[in-house]
Structures are given as structure tokens and as C-alpha cells.
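Okay, so subunit A shows up in both of these, paired with subunit B first and subunit C after.
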Partner chain A sequence: MEIGIREKGSVKIVDLKGEVDLYNSPSLRVEFNSLLKKKEKAILINLKQVSYIDSSGLATFVELLQKMSAYGGKLKLSGLGRSIRNVFEVSRLDGVFSILDSEAGALKSFEGA
Partner chain B sequence: MKKNRQDELKFFRKRVKDLSSLIEVSRIVTSTLDLTKLLDIIMKIAKKVMRAEASSLMLIDQETNELVYEVALGKKGKELKKMFRLKMGQGIAGWVAKNKRPLLVKDVTKDPRFFNRPDKTTGFKTRSILCVPMKVKDKTIGILEAINPLDRDMFNNEDTDLFSAFASQAAIAIANARMHTQMLEKQRVEQELAVASQIQQNFLPRLCPKLDGLSVYAQSIPAREIGGDFYDFMKLDDNSLAIAIGDVSGKGVPAALYMVKVMTELRNYASDIYGPGETLSAVNNVLVKESMRGMFVTLLYAILNFRNKTITFSNAGHLPPILLDQPTKKIIPFNESGNIPLGITPGIKYEEAKLEIEGDKLLVCYTDGIIEARNNRAKQFGIQRLKDVVRQEDLSAKSAVHSVIREVINFSKGTLQHDDLTILAVRIKD
Partner chain C sequence: MDKDFYPNSIKLVIASDPQWMHLVRNVVSSVANRLKFRRSQIRRLILAVDEACTNVIRHAYQGDKQKQIIICFKVFDDRLEILIKDFGRKGKPDTFKPRDLKEIRPGGLGIHFINKVMDEVNYDTSLPVGTELRLVKYRKK
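Let's look at the complex of A and B:
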């Protein structure tokens, strides 16, 4: 898995590439923790290039979501491919996260928030 | 001439003595695999063999690439231990570690490389140092220092040879002891994992409850030693049985501990007074309150009432079960609104739904490991195959569980089991 962090206005965009699983989610957690330390108000995770995610990866997202909610931050996900979207739908996690189709749409929804 | 012979004789006597002390050293340093003891022994012998006032041993910390005092003998040894760290190239020891060759400094006051902080702190007076690298297959693992020769003015080249030979023996012994420690540590972790796995498996009910007109059976096969899948049955009263199947996010010891927590809370809240929705709402609140690293659980919890012939269930993000009408082999859709997994958001009201179970029925609950099992062409077992297996013949709860497990294992033959396989079946007869 590759992790990249960009900035667009006040939104931090986390670009993920490859597989997010039990073995590499600890390194993702380290990245998330450094964003949490700075109390980032708006984070968008771009999953466009993610081919697989397991429940450990999902838990890493859930932890970020829970910790951001605690200080009033907003987390959104975008660019989910068919199989990734399916993982979220089957486990009903699509009801937990704010999921948007495109990055542009997600960025716009942050403005409205 | 006579003088020369005497010198020669003296030289050879010294050589023989050195060699026998090396043999002795080799015997002693290989006598223990306890690293702390070994380092101590190495230092004591170094001091004795080199006839030095003090000796010290520094090992390279792999993470920081610094030299760390492990043992320092002599009056001030204890004060030095772990007090100073040297960077590669810093001080005489750092120079030796960096250049990987011995260094003999006859008078430290005249050598700018000498690092005098330890002396200043301890009050020890270093005059002369012989420092040699400890190498294992060209890799430097640390250095040895003999400080201030006794009964003579300075260390000489023969001392350097002897000390170098000694250092290579010591290095091999240290490497062996480290390997041994790692092996013991690995064994300890493996044993702990095996115990954790045992405790976890013991938490799952082994005896299926016996009830009139109903048979229940379940099995869980973890992918790694410890998985995150579980099932449970609880007889609530003479007419009702509660069943549960769940999948904790992640694997290993954290998942096992979380699973035990979920099962404990579920057993605590399960009752014939509260419906499945209320029970899951209560369990969810406890889990969120003690939330750890985003862990969550998908869980299907159902109460089968065989007097009223109903199943009331609440589903927290788990895969919907298969309900089969045995006589017609028709699958009855498990219509549900569906809720999010437990442990994520507090204060959620978990919805429940009710189904009639009049007549002969087979209920099959499973985890994603079953339908997502892959064969060697990366094709998934899938829900359709699962339905086909449970539809065949007139399966009891036990034979349904065994058939599914057998088919999944057959299907994924030759591949590594990726996820836990868990299945629970209930056969309800008139």
C-alpha cells in the first residue's frame, strides 16, 4: 500500500493505493494519528486506487472517524470502486461513513458543511 | 646469541600462555547462552587476559546505530553502564566500530579522538586504551576495550593480536546467545498464541442445546491461529433459544479479546424480556464506550420462539442468513432493514424484524469467510454455491454445517485459507 497526502484548501486529501489490510493498516494508522494530532477539521480519503480492503483496514478508518468526531472534524471517502463499495455496503458501513463518488463532489460537500 | 634465545623462549612461552588462555576463553564463553551472564563473563576474562585495570564492552544498537555500554568492569563499571551512548565515529570506541579495525592508543591525553566524559563523570583516570572490534562474518556488532595495562607501561602489538582473537570468540558467543534469546522469545510468543487460541475456542459453546423439535449445530475454523469469528447459543426459556453469529474486525490476540468482550456483553444482556433490537442497542453502547482502535463487530442475533413459531432478529452489519423451507426447497427471503455494525456509533437504536417459521425449516447463518473462500483460479465460493449445498437432500443442522465446510474446503483446495470459516445451522421441525 502507498500513502500520499495532499492539500486542497482546508481539506487534507489522503491518497491510498493498493491493498489495505491487517499487515499494512498499522502504518496507515501512524499517518492518521499525525493528522489527528493536528486536529485536522476536514479529511478526504481517496480510495480510487485501492483494490482490496479487509476489516482491519476498515477499523483503521472507523478509529479515524471516531476520533475526528470527538473534536468536530469531518471525514469523507471518495472514489470507491465496485468491489470496495460492496465491502462497505455488505457490512452497512456505508451508513457510517460519508461516501461520495468523486473527489470534486467531496470537496464541494466540505464547503457546504 | 644466548640473549636472543632467551628472548625467543620468553616469546614462545608467552604465545603458549596466550593460546591456552584463548582456548580457556572459548570454553567459558560458549558455556552460557544467557546474554547478560555472557557479557559479564567476557568482560571479566578480557580484564584478566589483557592484564588491564578495567575493561568495557559496547554493543551497536541496530536501531540508532549507536554504541551502548553494556558492561564496564572495574571500580567505576556500574556507573558507566548504559549511561553513555557513542555515535559511529565518536571517541575511540566509535572510531573502531566505524573503521572495523583495532586501535591502540598508548597515551589518551595525546589523542584527540579520546572521549573523556565517562572519566569526568566517574573520576576514573584512563591512560592507555586498546580497543578492538567484535565482528561476526564481517559485521561489526560492538567493541571491546582494555584500559590501562597492569604491571607494564603500555599495551603492545602482541596484546592487539591476542585481544582481537579474543574479540572474535566473544562476538560469535554473543551472536549465538542472541539467536538463542530470539528463539526462546519466538517459542514464548507461539506458546502464548496457542494458549490464547485455546481460550478463545473454549469460549465458543461446544455442546449444542437439545430442544424438542429443534436441532442446532455450529463450527468455526480460524484462518490463522486466532480468528475474529464466533457463534453462540443461549436457551432463554423452555420455548426460546437465542443464537448469535459474529465477525470481529481484524485478527489475532486483539480480535480474540474483543470477541470475548462481545460475547460476555451479549450473554449479559440476552434475555427473553428484551427483544434482539434492544439487546444489540445495549451491547453497542457498552462497546462504543470502551472502543479500542476502531474495532467493531458485525453480528446477527436472533431469538427463535418455537411456541409462537417465530424468529425475531436484529442484524448489525452481518451477512443475512439463509432460511430454507425444507419440503419445497424454497429460500425464504430474510427481509431486513439492516443496521450498522456494533461498536462504532453510540446511542443507535438497532431495528429488529420478525419471520414466521411454521413447518419444517433450515436456518443457516455464516460469516464472509464461507462465501469469499477462493479457489486456485481466484474465483469465490459465493452465495449461490452455499444455497445449492444447503438445498440438497434433507440436511439436519449438523449435516448442513459439515456439508458446507466440506464443500468450501474442497472448493479452495490448494490455496491458503484467507479468512475464518464459521457456520451455524438450526433445523426446525413441526
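Let's look at the complex of A and C:
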């Protein structure tokens, strides 16, 4: 899995590429923890190039969501392919996360948040 | 011949190291493709087997990467059976329950995925050492 972090305005965008599983979710957690340390207010995770996610990956996202919520931060996800969206649906996390189709749409929704 | 050999079967022996889960997923995908499961079913089968192996690594082996997991795929006319055997700490199958999905917390989703995807899920803890999980998915005609 590759992790890239960029910025658009006040939003930190985390670009993920590859598979998010038990093997690489610990390195993702490290990245998330460094964002949490800075108390980033707006984070968008771009999953457009993620081909697989398991429960370990989902757990990492849930942790990030809960920790951000504790200080009033906003987390959004975008670019979920069919199979990734299906995993969120089966675990009913699609109703827990703010999921948007496109990065542009997600960035716009932060403006109105 | 290995006394445990079954015709029409594939046996995969791997170390309990998360880095090899990618390989397991590829084998599940190949076998399920060969059996002409639908693409959506294949994705779910991959997830179920991956989660089962993940549970072995985390719970039976407590994260020890040096242990053995044996995964056996048995192909029948009407179904695919996947046996996952470990030699680690035994759990109590009646406690292997998915968490309430209304409860938002990290973890506890693996069992939910396995139960949701597979037609049959049985844990055999009667073995002298370890546990064998039997997962069955029927092939729809």
C-alpha cells in the first residue's frame, strides 16, 4: 500500500493506493496518528486507488473517525470503488462515515460543514 | 501419498505472517474464478477467507508470525469447502459472535463478514491441538 498526503486549502487529503489489510494497516495508523497529533480539522481519505480493504483497515478508519470527532474534526471518504463500497455497506459503516463520490464534491462539502 | 489428500483439492501451507495474506487472497480468487462463482461472490469469498486467517493470526497465534496455517480448498460438484487449520490457542466457538453493527467501534467485524458470506461455518475444537474452521459456499446452478 502506498500512502500520500497533500493539502488543498485547509483540508488534508490522504491518498491511498493498493490493499489496506492486516499487513499494512499498522503503517496507516502511524500516518493517521501524526495527523491526529496536529489535530487536523478536516481530513479527506481518497480511496480511488484502493483495490481491497479488510476489517483491520476498517478498524483503522473507525479509530481515526472517533478520535477526530472527540476534538471536533471532520473526516470524509471519497472515490470508493464498487467492492470497497460493498465492504462498508456489509459492515453498515456506510451510514457512519461521510462518503462522497468525488474528491471535488468532498472538498466542497467541507466548505459547507 | 499424503493420507490427508483429497482429489480435486488444493492445499496451501503458509506462515502466520500478515504479509502472506495477499497470496491467500490470490489463491481464493483463482479457485473461485475456476468454479465460475460470480465476481461479487468471489470478492466476498476472498474477504471471508482473509478474515478467517486474520483471526487465526490475531487470536490463535496472538500475532506470532512463525506459526503454521493450513488452508485446504476442496472442490465438489455443488460446493466449495475451505478448511483452515491452526495449531494455536483454542477459542470457544460459542463466543465467536459478531459485534452489534449499531455499536460503532474498531474491530469485531471479521466474524460478521465470515458469517454473512459463507453458507456454513463450523469450528472443530475437538482436535488434540488447534482448531479447524470449515467454511462452505454452495455453487448455485
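Please note the rule applied: the second predicted complex is superposed on the first by the 113 of 113 C-alpha atoms of A that agree within 3 Å, B and C clash if a C-alpha of one lies under 4 Å from a C-alpha of the other, contacts with A are read in each partner's own complex, and residues count from 1 in each chain.
Throughout what follows, a residue touches a chain if its C-beta (ideal position, glycine included) is under 8 Å from a C-beta of that chain, and two chains touch if they have at least 3 such contacts.
Remember, it's a predicted structure, so these values are computed and weren't measured experimentally.
Of the two partner chains placed around the shared chain by superposition, subunit B and subunit C are both touched by A:63.
When the two structures are aligned on the shared chain, A:19 is found in touch with subunit C, with no touch to subunit B. In the superposition on chain A, contact of A:10 is made with neither subunit B nor subunit C.
In the overlay built on the shared chain, the residue A:55 is in contact with subunit B and with subunit C.
Touch criterion met: A:96 reaches subunit B and subunit C at once.
Applying the stated touch rule to the two superposed structures, the overlap between the subunit B and subunit C interfaces on subunit A comprises residues 22, 55-56, 58-60, 62-63, 66, 90-93, 96.
Contact residues on subunit A toward subunit C in their complex (touch as defined above): 19, 21-23, 52, 54-56, 58-60, 62-63, 66, 83, 86-87, 90-93, 96.
Interface residues of subunit C facing subunit A in the complex, by the touch rule stated above, are 18-19, 21-22, 25, 40, 43-44, 46-47, 50-51, 54, 57-58, 101-102, 104-110, 112-113, 116.
Chain contact summary for the complex, subunit A toward subunit B: residues 22, 29, 55-56, 58-66, 90-93, 95-96.
Those residues of subunit B that touch subunit A in the complex are listed here as 228, 247-252, 291, 293-296, 298, 316-319, 338-341, 344-345, 368.
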